[in-house]
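Two complexes are shown next, each including chain A; its partner changes from chain B in the first to chain C in the second.
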Partner chain A sequence: MSAILLIVVPLLAAFISILFKKASPYILLIVSFASVIVLGYIELEVITIGGFASPYGINLVFDQYSLIGLYIVNTLFFLVVAINCVKFKEMSTILLIALAGLNGLLLTGDLFNLFVFIEISGIAAYLITATNKNPLATFNYLVAGTVGSSLYLVGLIILYAMFGTLNMADMANEIAVSGVDASLVAFPFLLMFIGLGVEAKLLPFNSWVKGILASSNKLTGPIIASVYAATIGFVVGRLLTSVFVFSDTLGLVITIILLASIIAGEAMAFSSNKVREILLFSSIAQAGLVVLVFLQGFIGWGVFLVVANAAGKFILFTVTNHASDELGTDEVNDLKGLFVNNKIVGLAFTVASLSAIGLPVFLGFVVKMNILGDLFAEGNLFIPAVILITSVVEGIYFVRLLIKLWYKEHDLPVVQYDFIIKYVVVILAILIMVFGVYTAPIETEANDLDLISFVEGGNL
Partner chain B sequence: MKNFLALLLTLFLGYMIIASLSNNEAFPKYGEADVSSRVSQRYIDRNVTENPGEVLYGEATNLESGSANTIAAIVTDYRSFDTLGEVTVLTVSALGVALLLGGAKQSRIELNFKPNFMLRVGSRALFGIILMTGMYISIHGHLTPGGGFPGGSMIASSLLLLYLADDEFRANIKGVKVIQSVAGSAYVIAGLLGLFIGTYFLENLLDTAVLGDLFSAGMIPIIYVLIGFKVGSEISRIIDNFLTEESV
Partner chain C sequence: MASIELIIVFTALAGVLSYFVGRLNKVAGSVVTILASMFVFVSVAYFGYNNELIHSTEFLPYVTFSVTYLGLFFAILVTFIFAMVSFFNPFFVEKYKYPALYSMLYLLSLAGVLGVFFTNNFMSLFFFFEFVVWTSLFLIPMGRSKRAASSYYAFSTVGSFALLFAIFIMREASGTFNIVSSMASVNGTEAAIVSALLAVAAFAKLGAFPLNVWLPRVLGNSPDAISAVFSGGLEKLGAFVAVLALVKLAPFGYVVDATGLAASQYVIAALGALTIVFGTLMAIRQDDAKKLLAYSSMSNGGYILVALTIASSASVSGGLYHVVAHALASTAAFLAIGAVSRITGTTKMSELGGMIHKMPVTYLVYLIAIISMAGIPPMGGFISKWLIFQAVIDKGMILVAVAVFFGSIGSFLYVFRPLAALFLGQELPQHREVSKEAPFFMLVPMVILSGLIIYTGVLPNFFLGFINNVLTEVGVTPLVIGSYTVTGTNGVLQPALIASVFGVGVLIAFIIFIVLKKSRKVGLMDTYTAGNFIYTEELMHYSLDFYAPLERLYEKYINITKDFYKRLENKVVDLGRLMKYYFFTNKPEIMVLWIIIIMGIILWGDIL
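Right after this comes the complex of A and B.
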């Protein structure tokens, strides 16, 4: 079986579901479930399309790196769909196209093909966020996203004019062979980085995030903050570690901006009184950290940081947004005592937030610990200091939030969580704890990912 | 103030583009790029998989990509997967318009002029000609400039003409939806046939015949016609959504 089916089958299903409106939620459910199952049966390989070998044709790179990405993204996507497919029937076709786009982003080995998938998944995301019933925010997102992808395209055009190729591996190779100074290619890479930075929620380009996630519902919250964030994390990781060439000065400037992004995100989260805002600012900070880790060249632990964030944010946003959908508010004070009658969901929420802080026994701890260790080993002290200080801030506002959500005597908010939400968040929370204690498999995996270079045919 | 900042930012970006690209040795001057070292040269020579020697119009046979129009060869053969993606972009945009503007029951928006009889009849006559031109351009995409995207837009524009010249006219939206779905699915299925019968997704399975003949280039004209239908139906649906409103 070929990994291209992961893109093509959702696409075919989407085209067919245009005609069968009634059946489309079930088509979506089946296809997204099959995408997860089928991953276990596909061999790792580089896939040529149309019979023209790269760099002349387009290729897909299905290696260890994209496999992990596909597993986490497809699983979380299926869970979002399982929770929401009945409520948002009219979105089924668009969600199918979004799935095709996300899988394409994770698989493609071609820079222009990446742009096409950025457009597909981006437009699908604008439409999905239209269910927030906050048209102005969605419009802002649309403008920001479109300008971002145009900047990516301009950067790519300049690169194509310079090196005459679009394939990622070939591009990296051509740049290395031509021996040009990194400062000469700094500008196109900066444009592409900004373009991706819009979707990745990096500091100056993330003005859309607040409008979208602060009014998000049970569908848009998890899908934007968890599924899309994970995908774009993997894309940025691959480009930063294997394709982009940054000169030292530019690298330093970007590092400082990313640190500012992390600090600003945590500070905003600290000063907010709304649950969804706290979560969205914390995900801005985490996105900055992800890009920073990849920029330092730590592929393996960067990957698991993305995975830990995606799983955690999925739980946090699903639980919060269900409550705020029911109650019509997400003020911390209105949600006080939410977990008194919803202990199981509350426990899962607690696990996810403690893992985000990076407390021991949880997955977040293992990842943060190893990243800090790697940074110290390189003699880098400034970045770990920032990470540690922001973790403390994160700890304060998450614990403050948890205390409010757990303790209240009377006038408790009435929120019923249905069986499927309970089931999903608990399983994810258990996984976060299991891999927080039993760390051997992720450690080997992370080291494997670090060793092998994508340019020499991927981590097959 | 906001506008002024935006102007400054734009000027800064413009300055950055000029400053970073002028006298940049990696960025070739206009007309001085060494084309022979680029991937595009192989597309022109058609020697990505095997060397066919000199490619002559009306003589060369069995090329890896048998389209006389090199753009078509790149768009629907060498990089056909991107084109499938672009078609999807159009689909999801049209779906978005339908999601935001469409509703259960639709009727035409009132135009602020009354089209007269002559306009209605004249536009019907013109409709056929525009439609035929659109079809012609789609079908001959592998020979002449054009292809499915401009051809499909022309097909849609013939419908737009009817919409504007007749305030009662509505296209058969059910039919448009069927075309939209079937043309898109057929493109994907054509790709899957390549994967299951041949080796690669979107592989050109048919004989490419003589370069320059109408029946040549294998799958390319078929795919271009499908794109023409797909683009035409998507844009028609967008037109319909914009010119109708929910009836009370």
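Right after this comes the complex of A and C.
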């Protein structure tokens, strides 16, 4: 089997689902489940499309890195679908297109092809977020997303004019061979970085996030904050570590922007009183951290930071968005005591938030400690200090939130979680705990990922 | 023989077991905590004392253990406190919101504490440190305050992260996380930074000024048993780190020739002294007996810091002895107050009185505890304070000495107030019917603690002998002790002699009490003032505004630290709001503007 099926089948299924409207949720469910299963049967390889050899044609890179990304994204996508496919029947076709786009983003080894998939998944995302019933926010998202992808395209055009190639590995190679000064390519890369920054929720390119996630529902919350965020995380990781060349000054400037993004994100979450707002600002800070880690070149732990965030945010957004859908409010004070009668869901939520803070026996702790250790090993004291200080702030608002949601005596909010949500969040929470204690496989995997050379792999 | 690893795993598993048992029967779950923590204490103390603890690991990945006298000293003490307090759990657990969870977290934090004291690896130390934070965190809101937990989290995480930062700096210097070798490898500026960061961790855990805000909140509002555990056990994690920071690492900064003390020692001693003074002044103000004891814990943390930073043999052994003495005394006092609150439902002194008539044993336990806290012979607190006083005066720290003495005298003022208001005095009508002595199993730990408080005061040599092992290990000259004498810098102390003289005095007083005529019991209303009859009994309660004239001197300044942190919090909130205002508008053109501005700035001139 070829990895291209992961893109083609969902796309084909999307067209079929138009013909069979009634069956469309089931098609979606089956296809998304199948793409998780199929991953186990595909061999790692680089796929050349249409028989054109790599620098001239488009290739898909199915290596260890994209395999992890595909596993996470497809699994979480399937879980989102499993929870929502009945309620959001009319979104089935669009969700299939989104799946195709996301898999394409993770697989492609071509910079222009990446742009295409950004557009595909972007359009799907605009339509999915239309279910928020907040058209203005969706429109803003549309505008912001388009501005972002245009900037990416402009940057890419400049690069193409300079080096005459669109293949990621070839581009990296050409830049290295030609010996161009890093400052000469700074402008196109900056444009592309900003373009991706819009999707990756980096401050100050992320004004759309608040409108989208603060009014998100059970479908859009997890899919934007967890599935899309993970995908973009993987894409940014690949580009930053293997393709982009930043001059030292530009790297420094971007680092400062990212640190500011982290600080601002935590401060904004700290000053929020609505559950969804707290979570969305927290995920802005996390996104900043992800990009920062990749910028420092730590591929392995960057990947697992993305994974930990995606799993955690999935639980957090699913639980809170279900409650706010039911209650029609997401003020923390209205949700007080939510978990008193929903202990299982509450425990999963607690595990996810403790992992996000980075407390021991949870996955977040392992990831955070290794990232900090790597940063220290590079002699970097400033970035860890910022990360730790912001972690304190993050911890405080999460702990406050948890205590409010767990402790209340009377007038408890009545929210029923159906069993599928319970299963999904509990299993994810258990996984977060298991890999927080049993760290050996993660550490081997992270070290392996650090050794992968994309430039060689992509040019096979 | 017992393996440390197995003890820790056992404790954690017992915690999980207690959860499931607790789901079936609340009380049964908490009985598991008693059995497990008693077992842990006995095995740690017995095998530890006989040097039979095995430190190899087979199951836990990455964690390595070693037995040091320092770790053993703290481990025995803290497991003892956990074991004693656990006897209270069955009597309180039904009142809590999540009883099964309570039992589980109780044992999980015990497991974490053991890990902290026995590991020889800094990364595992941090792991267990944070583990203790979150397991104990969720115990706090089962009490009266929900806010206390987040402030506990905030301060102890600041401490933990300072610790982590220090750990990584040491790893860069030594290439290893091993505690002994990485601490040995730092020197010069690095050592100074590490020492300062570890001191921050110690301050945060001990609740010392300026990181003190959480301590009174947590101790004053936690469930009664948890207050005792925090005060006697978890707070002592700070003392453990303080030994690493202040005794094992050399002090730094300008050295004063006359005293041989470095600037860092002066700074820490000054902060310790401030902790003592603030704790004392705040304790004097409190109406709530638990809050009062909470502030007293804070001020005692100050003693430990002052003692450890001087790092002479008298001071360090005094500091460590104070750890023991305060752990025993404050646990006993918190338990006694807990026993009262279980029956009366309040810990406010103005709402209580005359409990001695119904709870004589609890009264005696509290009495013995506060005598020790005030540092009066023949209790343990006297020995430690005697050593600390000497060390401070000997080093010529006059101002610190004033603070230390002030704290001692201040503690006379405040610890006797609950005694007078809560146990003595008139019985209030609302508690007259319900009150009775605490059940037998609650009295057991209290009586054991009281016995130990007296023992540590009369025959301190056993514990001091053990502390001398610790001293040798951390590189301080051991204290000279005979079989019944303690030799300090300025003389020889004979605690047994003092105790017997004291005993004779008590005996004479007791004989007089027996022989003389009994006092007559009267009701609180059996009085009149200036010809008026009294209608509300509470107004006659003489603990209300007891030290009003003294309090008036400083009542304007009591909220300085609290306000500081409140303002800091508001600044963060302001920053967040500002960011939201500038970046998260509903207008995409603003975002485009930001992109243009950023590109403009970056592309300006030749900075790339």
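Going forward, the second predicted complex is superposed on the first by the 457 of 460 C-alpha atoms of A that agree within 3 Å, B and C clash if a C-alpha of one lies under 4 Å from a C-alpha of the other, contacts with A are read in each partner's own complex, and residues count from 1 in each chain.
In this section, a contact is a pair of C-beta atoms (placed from the backbone, for glycine too) under 8 Å apart; a residue touches a chain by one contact, two chains touch by 3 or more.
Values in this document were obtained by computation on a predicted structure and should not be read as measured data.
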Task: Comparison of chain B and chain C by chain A residues contacted - done: C
- [ ] In the overlay, answer first, second, both or neither for which of chain B and chain C A:V386 touches.
- [x] neither
Open item on the list: Looking at A:A130, would you say it contacts chain B, chain C, both, or neither? Reply first, second, both or neither.
Closed with: first
Open item on the list: Let me test your reading of the model: by the given contact rule, A:L39 touches which partner, first (chain B), second (chain C), both or neither?
Closed with: neither
Task: Partner chain in contact with A:A186 - chain B first, chain C second, else both or neither - done: both
TODO: Based on the superposed arrangement, let me know which partner A:A53 touches: chain B (first), chain C (second), both, or neither?
DONE: first
Task: Doubly contacted residues of chain A, that is, touched by chain B and again by chain C - done: 186-187
- [ ] Could you please specify the touching residues of chain C with respect to chain A in the complex?
- [x] 61-62, 97-98, 123, 126-128, 130-131, 133-134, 137-138, 141, 146, 149-150, 153-154, 157-158, 161, 164-165, 168-169, 171-172, 572-577, 579-580, 582-588, 590-592, 594-595, 598-599, 602-603, 607-608
TODO: Can you check the complex and tell me which residues of chain B touch chain A?
DONE: 16-17, 20-21, 24-28, 33, 35, 37-40, 42-43, 48-49, 64, 77-82, 84-86, 88-89, 91-93, 95-96, 99-100, 177-178, 180-181, 184-185, 188-189, 191-192, 194-195, 198-204
Task: Touching residues on chain A, where the partner in the complex is chain B - done: 2, 4, 8, 11-12, 14-16, 18-19, 47-53, 55-58, 90, 93-94, 97, 100-101, 104, 112-113, 116-117, 119-120, 123-124, 126-127, 130, 158, 161-166, 178, 180, 184-187
Task: chain A residues within the chain C interface of the complex - done: 136-137, 140, 143-144, 147, 151, 183, 186-187, 190-191, 194, 198, 203-211, 247, 249-250, 253, 257, 263-264, 267-272, 281, 340, 354, 359-361, 365, 369, 372-373, 376-377, 379, 381, 384-385, 388-389, 391-393, 395-396, 399-400, 403-404, 406-407, 438-440
